[in-house]
Amino acid sequence: MKALLTRRYMFPASHRLHSDEMSEQENRDVYGKCNNPYGHGHNYVIEVTVSGQVDGQTGMVCNLVDLDDFVKTQVLERYDHQNLNLLSEFANLVPTTENLCIAIYEIVNRGFKSAHLEKIRIEETMMNSFEYAGDNGL
Amino acid sequence: MKALLTRRYMFPASHRLHSDEMSEQENRDVYGKCNNPYGHGHNYVIEVTVSGQVDGQTGMVCNLVDLDDFVKTQVLERYDHQNLNLLSEFANLVPTTENLCIAIYEIVNRGFKSAHLEKIRIEETMMNSFEYAGDNGL
Amino acid sequence: MKALLTRRYMFPASHRLHSDEMSEQENRDVYGKCNNPYGHGHNYVIEVTVSGQVDGQTGMVCNLVDLDDFVKTQVLERYDHQNLNLLSEFANLVPTTENLCIAIYEIVNRGFKSAHLEKIRIEETMMNSFEYAGDNGL
Amino acid sequence: MKALLTRRYMFPASHRLHSDEMSEQENRDVYGKCNNPYGHGHNYVIEVTVSGQVDGQTGMVCNLVDLDDFVKTQVLERYDHQNLNLLSEFANLVPTTENLCIAIYEIVNRGFKSAHLEKIRIEETMMNSFEYAGDNGL
Amino acid sequence: MKALLTRRYMFPASHRLHSDEMSEQENRDVYGKCNNPYGHGHNYVIEVTVSGQVDGQTGMVCNLVDLDDFVKTQVLERYDHQNLNLLSEFANLVPTTENLCIAIYEIVNRGFKSAHLEKIRIEETMMNSFEYAGDNGL
Amino acid sequence: MKALLTRRYMFPASHRLHSDEMSEQENRDVYGKCNNPYGHGHNYVIEVTVSGQVDGQTGMVCNLVDLDDFVKTQVLERYDHQNLNLLSEFANLVPTTENLCIAIYEIVNRGFKSAHLEKIRIEETMMNSFEYAGDNGL
């Protein structure tokens, strides 16, 4: 009886899309308005999907309290109300939502042990979303 | 030309999370507020996903009228406006949303013959959802 | 420069619609499925709308932290994961969402002093909502 | 580092469900109100999901500007504010949302080369949606 | 204790925006794509807001069953899955959503007697909505 | 026949809440995480509500094309993908969403002449919104 559990979290943050490996003109061509020098922001909605056997006694894949505690201390405290460009993982990596998705996947996959991480999905706006499911993903 | 069709249904119900196999203290530790003795409730949103060949003549995976009739008589009449703890399937099973998901999957999988059941997804709140796709699931 | 601020909160709870002043048959006629003896539940979404001058220095109608603190301690702690029928304000009052709306209005209106309460709106389901704006309301 | 990108688009259109291969009575039996002679309409919400390696330099699966340009010129210009029954692809095919999903899949799969098309999902209403993922789909 | 109750309903329909009092060119200039000769459609979401004293015995502004019965027989049966241009009220009136809003207001205001009609709001798409509150409205 | 028309627009932007009239400590006390020095961002959803007589010939309060043109050139071009703190109207004014709401109200009220501006509403996140209706507002 393997089931999936998906939990949503939300945090606002800002970012600027700019790659040091490209010229100013290339940056403007690739990122358009997202390249403006002073950044802009989003309300990121994060969905964490984990899977596991439904425990015969508790009836749960894992305790939501454990997942919330992990995500709050390891993910939200790191990203909530931040400028993503200033974080160490984006020192040499453009903070696109694809890369943010991978960064959050790696934090949860490495540290959360109460269930198996299936994927991370991020809604950047109500019109765009991204998913990352690890190396064996998709 | 195999396609998927997903249909949403909604019903309110109440439940209390409590396992007779655990002590009072263990119940409070595991379920927190969800263990309060008089129960609480949710607007459950159910998504039924079925698949099949798109019929060359009708252009449909299956007739929505058939799916609605089945779900209304076999699922909604059973759960709508009920206290889940009082239903026979939860006599010895904690009515978590994981277990509700499995119970509804089994009803639809056993009785609905107009298309192949892919999965049942339940939104317990706008922040939590659960999915079950059967033994071969995921 | 008078502006409105609306903040949403969510809590699950259960209730049963039943009036001691009516016969069993009248109760069933008036409340239908909502009268079933063991109750059912909802994810109530509460919207608190307050108004006030936008402060020239802070640029705010009132501090959201103050509103959150008030609502969490005075409203959510009282109703979250509860059976509404067991609360003292519903000892002689049917816990319809209209009456819940009025009860929450009175708590906020009496106790929250950082801005003027305009109204309380509750979404019982995504198809139903209720509003109460006090004696001078509407 | 393979990731998924999903982008939503919306267009209103009208259709009538009617198959020339069936009698008037069969059409009414199969399609019900959707068979009324003068058609009805929907706000179709289209989700295009593509996948690919996250580019090491740009941090993107593909440029959203390219996807938007393709979908606007090849999909939205064709279907937006149209009567689907009058389009050539529906000359001999009932314009159900299943068939619309397949038609859009084929346009994007044939013409969009900046990432791999995973699937097309269409919300016909907030209660119904359909997905098509090609011959190897699901 | 006067409160407001708002109930949502949804129906798909098609329309074409075209005024016989204007030339072909004027129609195209005013209505753009909405003037294409074969029509297009929407999922209209209707919100009916009524007000009244909260009944001391039942705790309700009015019984939702009564409102649902009225709206289903008098509004949804008239408009659901229809081509609005063919209805008698739009014989000499362009079926814009403004005019649809007024037409539904007049039906509910004339016929529904269990509570006071405050307003009708229609979401034509998730980006557009319209409200009408009668002669004394706004 | 006076009706209301509401149109939604969306843009991402970043801001930092900080008042030069307060000390560092006061700023941290008042704005909390919103005061972090490098800013954060939101997907702002703007709702513009205008009113007017429904034109007897066109059936419209005003042409949505006119409203869209105005908002795109006068509002979205100014705020979309910007850092609000760098704009001239926020040189001496904290860019709270209350103040952004007033700034947009003034632009639309001054420049849009095809209908009467009723109010501007901004959703900062799905949990917070603000409204401003001018000097005679509320």
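Letters A, B, C, D, E and F mark the chains as written, and numbering starts fresh at 1 in each.
The working rule: contacts are C-beta pairs under 8 Å (C-beta built on N, C-alpha and C of every residue); 3 or more make two chains touch, one makes a residue touch a chain.
Computed from a predicted structure; not experimentally measured.
Common neighbours of chain E and chain F, by the contact definition above: C. Most remote from chain A, judged by the distance between CA-atom centroids, is E. Note: Cα superposition of chain B onto chain C, rotation of 180 degrees, nearest 5. Look at where the CA atoms of chain A average out and do the same for chain E: the two points lie 41 Å apart. With centres taken as mean Cα positions, chain E sits 28 Å from chain D. In whole angstrom, the spacing between the mean C-alpha positions of chain A and chain C is 34. The set of chain F residues that touch two or more partner chains comprises 126. By the contact rule set out at the top, the touching chain pairs are A-B, A-D, A-F, B-C, B-D, C-E, C-F, D-E, E-F. Of all the residues in chain F, the ones that touch chain E in their complex are 1-9, 51, 54, 57-61, 63-65, 118.
If you check the complex, the residues on chain A that touch chain F are 10, 12-15, 33-34, 36, 38-43, 80-83, 86, 125-126. If you check the complex, the residues on chain B that touch chain A are 17, 19, 21-22, 30, 32, 93-96, 98-99, 101-102, 126-132, 137-138.
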